[in-house]
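Structures are listed in the sections that come next.
You will see two complexes here that share chain A, one where it goes with chain B and one where it goes with chain C.
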Partner chain A sequence: MPFLDMQIIINSVVTGSIYVMIAVGLTMIYRVLKFANFSHAELVTFGAYTAYIINVSLGLNLFYGLVVAFFLTGLLGIASDRLVFKKLRSKGSSVISMMIASIGIGLVVRQSIQEVWGPQIRWYEFESKTYELLGGSITMLHIYIIAISTAIIFLLHFLFTRTKLGKAMRGVSDNPQLAMASGIDTEKILLWVWFIGGGLAGIGGVLRGADTRLVPLLGWEVLLSAFAVVILGGIGSFYGAILAAYLLGFAENFGVVLLSELSISTGYRPAIAFIILILVLLLKPWGIMGKKEEGS
Partner chain B sequence: MIFDYLLDTLIYIGIYAILAISLNLEAGYTRLMNFGKVAFFAIGAYTSTLLSIAGMPFIVGLIGGIILSALLGLLIALPTLRLRADYLAIVTLASGEILRLFFLNEQWLTDGPMGIRGIPQPMYTVFEDNYIIFYALLVYGILLICYIFAEKLINSPFGRTLKAIRDDEDAVQVFGKNTFNLKIKVFVISSCMASISGTLFAHYLAYISPDMFFPSLTFSVWTMMVIGGTANNMGVIMGAVMIQVFERGTRFLKDFVSLPVEPYNLRIIIIGLLLILFILYRPDGMIKEKKSKGRL
Partner chain C sequence: MLSVENVSSGYGETIIVNGVSISVNQGEIVVIIGPNGCGKSTLLKTIFGLIKPASGRIFFGDEDINGLKPFELVGKGIGFVAQTDNVFPSLSVMENLEMGGYICKNPDFQGIFDIFPILREKKKVKASSLSGGERQMLAIARALMTQPEMLLLDEPSAGLSPKMVEVLMGKIKEIKERGSSVLLVEQNAKSALRIADRGYILVMGKKMYEGRACEMLDHKEIGKLYLGKKEVTGT
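So, the complex of A and B:
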């Protein structure tokens, strides 16, 4: 195949690395609290702009921005839970109410960001050399994105398999009632889920912002892809999300080339995630590595 | 001038009230999470616009939009309505965005981002001087028909079954009802009604472009339903009045006073806050659902 070249593979790995960061929190919350959190998109955007303050407004290295974005976005995740979702849980509100509330949170955060920074496009400040790699080109930024994402994936693997906290997190998401019965403080674990999941969304936002540009719609633009990753991977499945993120990254980068070969506008790129989402729902609604639930 | 402004606001209220009633049918009475309401509104707008520009009468455009909306509704409903409620939310949200991309990219058909100007207005030559009065009557005539239709529908055995599906789907299935078929029917009916509203919108403005059909339109209608009173048609009309008076009001205000914040941002932030606050503290909205009379 003429267009299956090294460049597509490099781009796919970069896209996939970013999607993993965004999807981990989304899939964990989806599994534990049983609702699609639409405000996850704005956690991504919030992270990107937090790093912008550090990197451009304060003139520091983008790495510091990445770290600050992780912490602050994690705290925003916790805040959204404390201020809204926890209250809804204690009232026994339905999943539907939570989704509507998440839309509300998203609107407030996104438009506040637009109010502060305006709708215009912004960029981080950093230098990035380009290297040749097996007939494709890769930038220093791409190498960083892949390295950071891979390192975090290994850290999370370690967290989920070796630490008490990580095992409790998995326990809570697998079976909240059982976890509570075995003495796990579910609400405390949930705080960690929001913090880590939110923080990673923030990192995803910084990586995405560095790879493309910053706009108030940054997170909203990747939300559909993130949901496609979560559902393809199986809701709640960490390893499924990793696999699905790279698969979707490949599908999008390959698909864009295919679109232009077929002389269709590449403006349809978001439709690729949509088509994959629909196919998964039709063929394997519980995803590649998810658990088949009752009723689905 | 004030008179024209009032009529203009009234027309907007009427158009959005139709959209809110249609959302109420599927989301309020049946709990179908349509987060892509704007798609059906846009289909109504674009179909009738293109048909009228091609020289067809208004009524043909109106019906054309209804037919296409019904088809799109079926296309979305068939793969998703069997699955979990939240999948419908994700798929409909995505459909709205993909459709907007279609209107944006297919320039041969829609003039892309430029939009379409000079959309013929029905019976313009007859009412030339008092056209806005005629149009207000047209909108309110159609609103009245939609309201009566929705009330009849939900008080019919069909409507009572819908509410029963919302409250306990398994129980309805035990009685041998095919809930999947019923959900498809109400989704398609609501989609057709949304299309009518879109048609009225396009021919009133006489100009449409893809940037009128952002997802925020969907959530504005959701806000009307949530604050007005979910599953109460009079309530959602009240919601449409409040949100439209507020939206038109802030636009109007902009010309006279300078606000410290961008009115558009402020509007979206307030809509988001209203959604959150009502879901948290007044989930039934201003007017509660009426207890249904009669038996299933």
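So, the complex of A and C:
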């Protein structure tokens, strides 16, 4: 019975762990700024290539690449806000303008990456032993991906529920005017949202790059799945995004088996996220843990 | 303490408040009443830096506070409670108060719970699950966390039951007794004037009347026009 295969379960958890990192940043930025940031895809790619410099060009351990990718991608997120989105905000631009601007930023970053590293496939340099696990096999890389992702989820939970900064982030996304009336410098909080959201995208990029390979379209390939996760989880919901990331991980991995059982090409794998996205939007547009639009 | 001099303001080209001067002295409750759309809320938002005045000056103490951002005014000792959207719905009561005391080194939660004991009981409840009256209490409590010298309240009694309005007015009086001055914009003119020291009437963006609250309560014309008092012989 292929559906109970341990290997599929392991693969699903790994896929879910990567989606969590990418989707949480996306949903954080959406929740505070209320627009779909398409350039999130390129934050993912940028993170992956940043780690490539550390890991391959400088020959250091990939773990250092992960840390540097977090910081530099976070800074790129801040830069995109300062250079573009903040200016649009202060002009009172619509969310549509913000979204289109984000597509533009994404294009610039993606083409710049392609200009520097070319379109060819690249790989990180690391060794990864394989272990047996309940009839399936799991690599050291997969163990790291799951562990890093789980640790970050707990750190974020701690940030949002126990720290002043995290609570202020939630406050600003609830009601920016009231946050200002409480003496909170909302622009400063926004910088942190971009830094953490962007940094997580960078980590997602490194994990994805390590799990597959590096191409300039790396982030673009997972953007649709990331949006599916965000919408399935309920736009702006942190815990919803976590749950949805694993759900989509399972749906994609089980779906691939189902596709091959039905003798359909597994090239249709990306369609699974599409189908889920469409079904959620039709049946439960506010997602599994989101709130229905309500008045104050 | 707070003095608004000849301020005009509005949204874009539309001027809503037209050359209004008002003042609030230390330890006073001052109420602004007037018909709907007369510019009461706009004036309050202008004082709190949410709307830029087209002309005029605003002083807090000796300082010209015109052009300062809301969060900077909070640091100077001014608190503001908006009429709607005045709590963080997805945060708990306690977290709302923490946000209120964001700029404080040692926020005094006990002092707030002494004024509003109901909030102590509902500490862990999400603000979105509170009743209208509780939510209004939380909104004021949040603004009090910084122990402001000057509290600006925009129609705090809107949508509350008459009984709750009285409770709320009692709380506002208590806040004054604890040392804050209050500038109150109210639709519930009668209840507000009962606790106030002085009052202003705004009509069509202009100041029509100013005087002591008790005199305004007894004033025949004001009573008829703004306090809903009926002629004794009428039905």
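Just so we're on the same page, the second predicted complex is superposed on the first by the 291 of 296 C-alpha atoms of A that agree within 3 Å, B and C clash if a C-alpha of one lies under 4 Å from a C-alpha of the other, contacts with A are read in each partner's own complex, and residues count from 1 in each chain.
Criterion: contacts are C-beta pairs under 8 Å (C-beta built on N, C-alpha and C of every residue); 3 or more make two chains touch, one makes a residue touch a chain.
All figures in this text were calculated on a predicted structure; none of them were measured in a lab.
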item: Winner by number of chain A residues touched, once chain B and chain C are compared; value: B
item: Which superposed partner A:170 touches (first chain B, second chain C, both, neither); value: second
item: First, second, both or neither for A:136, with chain B first and chain C second; value: neither
item: First, second, both or neither for A:178, with chain B first and chain C second; value: second
item: Those residues of chain A which chain B touches in one complex and chain C touches in the other; value: 296
item: Residues of chain B defined as touching chain A within the complex; value: 31, 33, 35, 79-80, 83-87, 89-91, 93-95, 97-98, 101, 104-105, 216, 219, 222, 226, 261-262, 265-266, 268-269, 271-276, 279-280, 283
item: Touching residues on chain C, where the partner in the complex is chain A; value: 48, 50, 69-71, 74-75, 79-82, 84-91, 95, 98-100, 102-103, 142-143, 145-146
item: Chain A - residues contacting chain B, complex; value: 35-36, 38, 84, 87-88, 93, 95-97, 99-101, 103-108, 110-112, 114-115, 224, 227, 231, 265, 267-268, 270-271, 273-274, 277-278, 281-282, 285, 293, 295-296
item: Chain C-touching residues of chain A, taken from the complex the two chains share; value: 164, 167-168, 170-171, 174-175, 177-186, 296
